[in-house]
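Some structures to go through are shown next.
One chain, subunit A, appears in both complexes that follow, with subunit B as partner in the first and subunit C in the second.
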Partner chain A sequence: MELEKQVDGQVAVLRCSGRLNMGAAGRLRAAVDETVADGVRRIVVDLSETSFVDSSGLGALVGGLKSARQAGGDLRIAAAPEQVRTVLALTNLDRVLTPHQTVEDAHRGW
Partner chain B sequence: MAGDHTLSGLAVPEGLDELHDLLEQVGVQHPDVSPADLMLFETAVIEIAGNVVEHGRPPGGVHWKFSIQVRPDRIEATLADDGMAFEDARVLADASMPDADAEDGRGFAMASQVLDELSYERRGSANLWAMVRRRS
Partner chain C sequence: MRKQLTRVFALLTLVSGTLYVAWRWGFSIYWEHWYIGVPLAIAETYALIDSFLFTVTIWRMKERGAAPPPDPEATVDVLITTYNEPVEMVATTAAAAERITFPHKTWILDDGNRPEMAAAAAELGVGYLTRHPSWQDMPRHAKAGNLNNALFQTEGEFLLILDADQIPEPEILDKTLGWFRDPLVALVQTPQFFTNVGDSDPLGSQAPLFYGPIQQGKDGWNAAFFCGSNALLRREALMQLGIVGYVHEVQVAVGDALKAADKIVSEAMRQERASAARGGGTGTGGHRRLLAALQSVRTAASEARRELAAGAAVAEVTYAFQSKVDAASRAVVEQDLATMRADLDAVARLPMHVDGSVGQLVVDDLALAQLGDIDWSPLGAIESVRALIKAVDVDRADEAQPVMPIATISVTEDMATCMRLHSLGWKSVYHHENLAFGLAPEDLGTMLTQRLRWAQGTIQVLLKENPLTKRGLTGGQRLMYFATMWSYLSGFAAVVFLAAPVCYLVLGIMPVKAYGLTFLMMFLPYVLLNQMTFFVVGYGVKTWRGHQYSLALFPLWIRACWTAFANVVLKRPLGFAVTPKTKQTVGGFPWRLIRWQLVAMAVLVVACVVGVVRLWTGAATSVIGTGVNVVWVAYDILVMSVLFAAARYRGPDDLHDVVEADKEKVA
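Our next item is the complex of A and B:
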């Protein structure tokens, strides 16, 4: 998985390209924690190029969400492809990680 | 036999990528299999294999052999590994989905939900996982 980070003011966009699996989950989690530690507490994870997510990747998203919220911010996900949306629904995580259609949609209200 | 695909290797994170690649080939060679069925099956396979990678003993030294067959009515696969016995087979029988704030423990529940059959047995010195999904 490739991970790109773009910070625009108070919002950081983390773009995950490839498979968000066991080998990649730790990097996403570390990137979220580092972003929050830098004082940017609103995070959008752009999943448009994420071809596959497994339970480790879901765990990293949940962990990142908790980190951001504990710091008074939030983590939102955007542009999740079908496999990701299916797995979020299967695990009931779509209730806490609501998939937004686009990165711009995820920004709304911030 | 036509419809059979196998892979041998080490139960390490890179091995998971090899499984993904193999499943992609299965999709190319069996265009009649619905992408949704294959995607759900792949989700289950990666959870079961990921568990072997994470918990297999000795770490990094477990060899596995994966085999997948596309049948007219179902997709089935076995994953055999030479690691120490998987000791917590009870988690299979009680694979309930953890709460939303849990950061782990979803793998077996996810696999169970998308498979019609999931079983584990210790056969000789091998762990044997069997997975079946009926095609839609």
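Our next item is the complex of A and C:
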């Protein structure tokens, strides 16, 4: 998995390209924690280039949500492809974290 | 062949048992003596249902043989859990784990956070994990928490879980990983076998009937149990379980918290209006602003509930809600600085607490309902709402980790986890080959504590997640879980089985209409066939100890049921590990531990003597009646006599005593 970070004022966009699986989950968590520690507390995880996600990957998203929320911020996910949506639906996680259509959509309401 | 023979005997047992119990209820209850007659019939029915469940279990016994060869690409973490076992013991296990031939990474999960343990791990070149800083001041969830912590610090596809004393064979992974070639298999359990137990095994530590016909039988129904150690798990399955559980808990808790928020704010508004009517406080303009702030929280809460009901994502709903609460709070603080401090006390009285035994957050419905009774000031109310939502929100501020793959609802995390895996459609495998060798408790006190914990944990799961109604399980799986839980109710039946012959022999009170030939004709086939079934099922393994303890530990089973019920239903702490562990290490006979059994045995002996005297003097007239009851009592005494050997037992090695006692103290 490739991880790319873009900070725009108060919002950071983390783009995960490739497989967000058990081997990559730790890195995503670390990236979220680091971003929050830098004082950017609103994070969008851009999944448009994510080819595959497993439950460990979802666990990293939930863990990131916790870090952001506890710092007074928030974490949202955007542009999830079909496989990611399927896994989100299978675990019901979409009932907690809704995938937004685009990164811009995810900003709304912040 | 043996399977067919088992089935025949099991069926015959059920037929004869059903006839007997039907005859008992329909024709032979001595209704004038209903107070002993009816309990006895109920106890006999209990035992028959137990036989039925046992028959279902062994009906599909699955003898799997060897697994297919493993996928050479598979990645494995070997996790050794420890809290305070001696460093040398854990190091021995870790060194053996390093010798496992299939490529893997070994980790010591040290919940004791000991520098010596870290040094030993470094010397062996194995991984060393302790709790992440986020666990500070959070519920720790014992072994389940230790494993959940490690799950987020490791990344192997499969996990081999070993207790600190379970020394694995080098080929353990080669022989078991292949079962995961079926992508739906989530668990492979191997037996637990103890090396510090002699042939006579007075404490009944080996469980050959369980790690044999029973697990093989459960396996036949795709319900092989997870037993906490010597098992392999698929990470994906566990993580999925964690995510699904997280979503469920958040949805339920946030819904409850929003409901409570509405209640709190409504009550604060009512009180504020009353205060305004009395002309107290901050003047008309002030009252208006406070009421407006409260109203905005109330509106936000009902909006949030509406959105959740319409299927909106919880994270966004609660984020918006919290922002509105923050805004209202700022408005009120400006208005209400004077009364602020006193009001914050109310926050401490939230209707939630962390259950000490399992560390689970409990939102107390009763207390929620009583929230209206508290005096709410505007600020107190809003701050309470904020704290309430915060605790249960999507970030689970009440837990170290939002996702807890290993279940934390019970002191026996393994059974609850396994049942949840099955309910999500995963499969489990029982691999019938000893591939790890451990140490059993070596004194009665430790053994009793351990059995009590297992029983309590099982009943906790039954009460919290009833397998008969839990979604997603197959019929066979429901019965397999229920069978184990049902067997733990045997303590109540045992009391009746012990009391009935005493009543007859001493007082001449007959629970059965006639102890004549009819009784023998109905009863003997049943009891003999039942014995035959066990003989066939357990051929070649020693099942007698297990039988003995299922009766002999009757006070313990009753206590487990009662304490688990009090914990789950009445929300009391479990309070286990009351058994003294150090007192009986040298010499003294542990009278206290088995006092109820000693009383029971004394009463039984006296009853026999009285019964024979009564027959001799003519006070009792039925030779068959007295005979049946004397044989019955003799059998009970023979069964319970195992306790004398157990109480005197000290194990082959004193060092182990200490180790095991310590292990139990931790657990």
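The rule we apply is simple: the second predicted complex is superposed on the first by the 110 of 110 C-alpha atoms of A that agree within 3 Å, B and C clash if a C-alpha of one lies under 4 Å from a C-alpha of the other, contacts with A are read in each partner's own complex, and residues count from 1 in each chain.
Here, a residue touches a chain if its C-beta (ideal position, glycine included) is under 8 Å from a C-beta of that chain, and two chains touch if they have at least 3 such contacts.
Given the structure is predicted, the values throughout are model-derived calculations rather than measurements.
Judged by the touch definition given at the top, the superposed model places A:Q101 against neither subunit B nor subunit C. Look at A:Q6: by the touch rule set out above, it reaches neither subunit B nor subunit C. When both complexes are overlaid on chain A, the residue A:G26 reaches subunit C alone and has no touch with subunit B.
Of the two partner chains placed by superposition, subunit B and subunit C are both touched by A:L93. Applying the stated contact rule after C-alpha superposition, one finds that A:Q70 touches subunit C and leaves subunit B untouched. Contacts of A:G109 after superposition on the shared chain: subunit C is touched, whereas subunit B is not. Judged by the touch definition given at the top, the superposed model places A:G59 against both subunit B and subunit C. Between subunit B and subunit C, more residues of subunit A are touched by C. Comparing the two complexes, residues 22-23, 54-56, 58-59, 62-63, 66, 90-93, 95-96 of subunit A contact subunit B in one case and subunit C in the other. If you check the complex, the residues on subunit A that touch subunit B are 19, 21-23, 52, 54-56, 58-60, 62-63, 66, 82-83, 86-87, 90-93, 95-96. Against subunit A, the residues of subunit C that register as touching in their complex are 152-153, 155-157, 235-236, 238-240, 242-244, 246-248, 250-251, 311-316, 319-320, 393-397, 401-403. Interface residues of subunit A, counted against subunit C in their complex, comprise 22-23, 25-26, 29, 54-56, 58-59, 62-63, 65-66, 68-70, 74-76, 90-98, 109. Within the complex formed with subunit A, the subunit B residues making contact are 13-14, 16-17, 20, 39-40, 42-43, 46-47, 50, 53-54, 97, 100-107, 109-110, 113-114.
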